[in-house]
Amino acid sequence: MLDTAFSIPLVALSDIGRVISLLVIGGGLLWILIRSLRAKEVDRRIVFLFIFIAVAAPILFPITFQERATLIVKRVFDKVESSPAGSKVLLAFDFDPAMAPEVQPMADAFSRHCLEKGHKVIFMTLWATGQALLTQSLERVVRGEYPDKLDGVDYINLGFKAGNENVLNIIVTDFRMMFPTDVNGVPLDSTSIFDDVKSCKDLDLIIAIGGGKPGVKEWVLYIGDRVNVPMAAGVAAVVAPQLYPYYPKQLLGLLGGVKGAAEYESELVKWYPHLKERGTPGLRMMGPQTLAHMVVMAFIVIGNISYFISRRRERIQ
Amino acid sequence: MPSHPTTSRPSHPAMLLILFTFFLLPCIVLAQTEVGQTNIEGTPIVPDSEQIVAAPVTSLIAADHKYDDGEMIELSWVPSIDDQLVDGKVIGYKVYRLEDDGEPQMITELAPGSNAYNDQSVERGKLYSYFVSALSSNAETPSVRTAPIEPQREWLNYELLNVLIMALVLGGAVIYFIETARRGKKLFVRKIAGLEAVDEAIGRATEMGRPILFIPGILDMDDVQTLAALTILGRIARIIADYDTKIFMPVSRSLVMTAGRETIKASYQAAGRPDAYSDDMVTYITDEQFGYVAAVDGIMVRERPATVFLLGAFFAESLILAETGNSVGAIQIAGTARPAQLPFFIAACDFTLIGEELFAASAYLSGEPKQMGSLKGQDVGKAIAMAAILIGILTVTIGDSWDVEWIQNITTGLTEIFSTK
Amino acid sequence: MKRQVPLIITFLIGMIMIFSFFIPPLEGLEQTCSLFFDVIAVFAFFLGGGNLMRIHINKLRRRKKDWGFSIVTLGGFIIMLAAGLLKIGNPGGIAASPTTEGALLQEIFTYVFLPLQSTMYALLAFFVASASYRAFRAKNREATILLIAAFVILLGRTPFGMMLTAWIPESFSVLQVPNMAIWIMNSPNLAGQRAIMIGIGLGVISMSLRLILGIERTYLGDESA
Amino acid sequence: MRRSTIIVMAAVFGLFILSWILRSTSLASVQEHYLIGGLKVTFSAFLTLAILSFLYKDNPFYKFAEHLFVGISAAFWMSMGFWTTIVGNLIPRLSRSLSEFFQVPYQPGSYNFVYFIPVILGIMLLMRLSSKYGWFARWPLAFIVGTFAGLNFVRYLRSDFVEQVSATFVPLLVGWQGVGHFVSNFSLSASGQFVAIVGNWVIFLGVICGIIYFFFSKEHKGAFGAASRVGIWILMITFGASFGYTVMGRISLLVGRITFLFRDWLNLIS
């Protein structure tokens, strides 16, 4: 905790930092624009440098924005919120460390929301690299924040199995054939959460979090379309557009990228204000995102200006 | 299952066939399957007067789950009238089962408000009857028992009959046109922009004396895009063998390595130059996506290929590879059926095969009748889709706006054919 | 033997998979095949490891260019393999999950694998920018359409989009940039994605059919082998 | 090796050793094994920067990181596959004594012998490593191709063909209430008829024209050619939208990495 005496210059410092970084980025872009007007292309390394600054500066000197949940996100939130306590929710962590910065905030928000509501949560992953992440995030979110929730009763970690969509093809009719035990070797039959769960048909909600293959599409193809269980998804922004055809018939809602996570978080802290202290990584990430977006857009504009100028010169010659 | 009224008049005989099989057959089957209804003889246990007694559940029905291997019996009932949120006497339900008229055994306990349960622990060849007890704080009121029922095995999942018929129609069309083409009929395939450039791209590499890099995506042999890429590789390797250019193919799956070697070897043999082939042309890197990308990026900047083919299933690496390839000045021909990556290929590569074009490419390159025929077969599928969409949209619009019943019926029928839930 | 047997296997397994979708009693068979596949997939990982060893040992032996780095690969491979297969340092012993906190595998994962993988992925941020500058140019009508759509969505995903067009009254709200972005996602994007999806779906269907029927057999190599 | 290279390498190593010492001292009060803790974070940061250095140009640090990555990842996949599938799913079905050794619950069953089939196929796959019996690998290959061809055939047919067709049945007039109403409300809300109707028309024409673009067996000219051109425009909008939507995701990955460098390594932010 900082003293008030300390915090004032610090606030000022971060303000100065913000101004300076904006000046650097703005000035630099102007310089590139002028170069482009003289029909000189800039080296791609300079473009790289700009993105680095645009992302790094708001991390050092945070900028935050307000978010409001759009319908496609709100529907997922409402489903989790309106399901009766004790509903069985499957959370699939189908991502790897590389994708984690983008989808981990969603995974955390879903886990917290389900546990707050008293749902029973089944965790699993189709990615070998997802299991290590799942271990970490259970340690941090579930055991760290909800120590009174019991393994095997309120939640269970099935871990990873090799075989991609084949795993889904089996659990759609039988969990125990694929997962005789949970990740720690405890037989499913001895856990109360699996008492009346034989297959995916017995779940109340499936939330798939992913962004690659196997991912949400495979969940829809192999599970969602075969069983009558509502399904929602949180995905990396890159795959969200191609999942739109599944909404709202095959997917009840969809969180796309960090913005989706930020929207879900904003809804979550509105209903559960005490979750605010646990962190809202999605909302926090929107600062660097926005600035970097502006830089990318500036580059598109500058690129086109220089293209038109060079084309006109060619024509004149 | 809603039955389909006869008011719709499908013009095509095939459509008529589909409608017939899809709507009539299930009705027949439905009529035959047995439903265990509530047995009137069941008598509730008369409880002590001090006990808080909840009214029993009513209308308990046990029915075989449709279209499975006899693995499930579905129970449904109307909850007890004392089952209310506020001041309700019911604190839960217990489901009991009698196996072949044996002793009742509790199989599960359910929360208040429940009105259904699926018993999945049943076996074929045994008779089961059920009753459900409403629980109050200190008493249990059983319902009447259901008549014994046996879980049934069904031999065909009629809910999926429309998919089966569609499979037969599409499969039939593909096979029919393959046969037609084999009998020597010339089939037309439209130009595919990216492929016109293949010869030129290979020629360029030959002139510059620099290698050609072929990246078959990062998925295994279980993905059709990888297989399509290998088919195209077969054609490209043939040209390369003729030109005597160097080809290099780093892969991220050991099975793809196996298949890639077989493919290139076969092409070199077909070109009459088996001696020029070497196993070093295809190297396995690692299964890990970004480990692979790191290595391929390294290869690109060190080997400086003149031409890069990026054909197959790509994910996030698409842009990393395409931009690195561009930075070393390579001509790049890309193609994938992953819609998410197409924008990056379109932006960063010289030519891009969009979606299905990847599958069509091998047909276009080879000109083999079997491939051309299957393309034509696919087009039949597209025609069916377009016709269905056209009719569906028209009837939905007219039916909704002017409330014409028989047109609405066509919509319902068409929706039934094209949906599976 | 070399060619006929594989073709028969593909045909049989493919047919089982298709028919078990429609015939409930075959479901068990389909699932057993799926489980078989999972096991074979693990052997494919082993084949991959074997190939990796072979390639890099070869490189070392022949002193090819950059052979020194092959030592790094082999070293990393062997250490990680030992850590994983022997569960070195796993606090829970042999029964515990291989990724238990504190196990050597998990440590290497967190401090070596994770930074490498996520940084490699993060390179994309840079390449997106360089592609925007270099490639997103209104060269022709198609490129211009792509550019405009990209620009609207980009703008709509930032708070600036809202700020710029907040003055537009509610009855024209579709012209506000964030709403325009939503509309593009829900209408033209959906249409395009669906067309691609249907096309690819048919492509997959006919390719699968050709494989099962043995019409497509390039992946097995050619007759002569 | 050139002298300048050696100087650069030495300088980089010096800096990282310095960072290790600094990091360890700052960890000394929190961790028991602060030297190792400091080394782990510093090494992670070194690898992160080594990969980023590729953006400038190829260099030995990148080569080191690349080769290390390849080795480690291959072994990681092998280990995970072994423990989860071989030990988790195969051994419990094959052998009681092995199950006891690995402490997994044995699953007896009278048809368990069939699980030797994948083992045999798997071993055939490994024969690929031998040049003489390599052709045996075609059997498991055929098995895999067959499995997925079959699985994909029906699943794509259902979810990406059949379902998508019926999902496109959208009304071209949504609750028509006259021209006045139609042109007076351009909002995206439920009452905005204009937007809803135009949207559905776009879906209708877009899907049809898009499919026409993918028609291969008919020459694209005349009305068909015009429709196919509209199709490619729709596809271009789709790709543009995908690109725009994706940029944000890509940026967040970099945010993750830079946060690691600033927070875990340099301790600049909390």
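By written order: A, B, C and D. Residues from 1 in each chain.
Operating definition for what follows: contacts are C-beta pairs under 8 Å (C-beta built on N, C-alpha and C of every residue); 3 or more make two chains touch, one makes a residue touch a chain.
Just so you know, these numbers come straight off a predicted model, no measurement behind them.
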Any chain in contact with chain B as well as chain C: A, D
Chain at maximum distance from chain A, centres defined as averaged CA atoms: B
Dominant chain pairing [most C-beta pairs in contact]: C-D
Rounded Å distance, chain A centre to chain C centre (Cα mean): 18
Chain centre separation (chain A, chain D; CA means) in Å: 14
Centroid distance [mean C-alpha coordinates] between chain D and chain C, Å: 4
Rounded Å distance between chain A and chain B, as computed from the means of their C-alpha atoms: 25
Junction residues of chain D - those touching two or more other chains: 51, 54-55, 63, 65-66, 69-74, 76-77, 80-81, 84-85, 89, 103-104, 125, 128, 141, 144-145, 147-149, 151-161, 163-165, 167-168, 204, 207, 211, 214, 235, 238-243, 245-248, 250-251, 253-254, 256-257
Chain C, residues touching no fewer than two other chains: 18, 21-22, 27, 34-35, 37-38, 41-42, 44-45, 47-48, 50-52, 95, 97, 109-110, 113-114, 116-118, 120-126, 128, 130, 132, 134, 136, 146-147, 150-151, 154, 157, 182, 185-186, 189-190, 193-194, 196-200, 202, 204-205, 207-209, 211, 219-220, 225
Interface hub residues of chain B, defined as touching at least two other chains: 160, 163, 167, 170, 220-222, 224, 227, 254-255, 259, 285-288, 290-291, 294, 316, 339-340, 342-344, 346-347, 354-356, 360, 375, 378, 381-382, 385, 420
Topology of the chain contact graph, where touching chains are joined (line, ring, star, complete, other): complete
Parts of chain C lying in touch with chain B, wherever the complex brings them together: 18, 21-25, 27-28, 37, 41, 44-45, 47-48, 50-52, 55, 116-117, 120-121, 123-124, 127-128, 130-131, 134-136, 146, 150, 193, 196-200, 202-211, 213, 215-216, 218-222, 224-225
Partner chain D, residues of chain B touching it in the complex: 160, 162-163, 166-167, 170, 187-190, 192, 220-224, 227, 254-255, 258-259, 285-288, 290-292, 294-295, 297-298, 301-302, 339-340, 342-344, 346-347, 354-357, 360, 363, 375-376, 378-379, 381-382, 385-386, 388-390, 392-393, 396-397, 400-401, 411, 414-415, 417-420
Interface residues, chain B side, partner chain C - complex: 67-69, 153-157, 160, 163-164, 167, 170-171, 174-175, 178, 220-222, 224, 227-228, 230-231, 233-234, 253-255, 257, 259, 262-263, 265-267, 269-270, 283-288, 290-291, 293-294, 316, 319-320, 322-323, 326, 337, 339, 342-344, 346-348, 354-356, 358-360, 370, 374-375, 377-378, 381-382, 385
Residues of chain D defined as touching chain A within the complex: 55-56, 76-77, 80-81, 84-85, 88-89, 92, 103-105, 107, 147, 151, 155-156, 158-160, 163-164, 167, 238, 241-242, 245-259, 262, 268-269
Chain B residues touching chain A - in the complex, by the definition given at the top: 71, 108, 111, 113, 117-118, 120-121, 219, 222, 288-290, 313, 315-316, 327, 339-340, 420-421
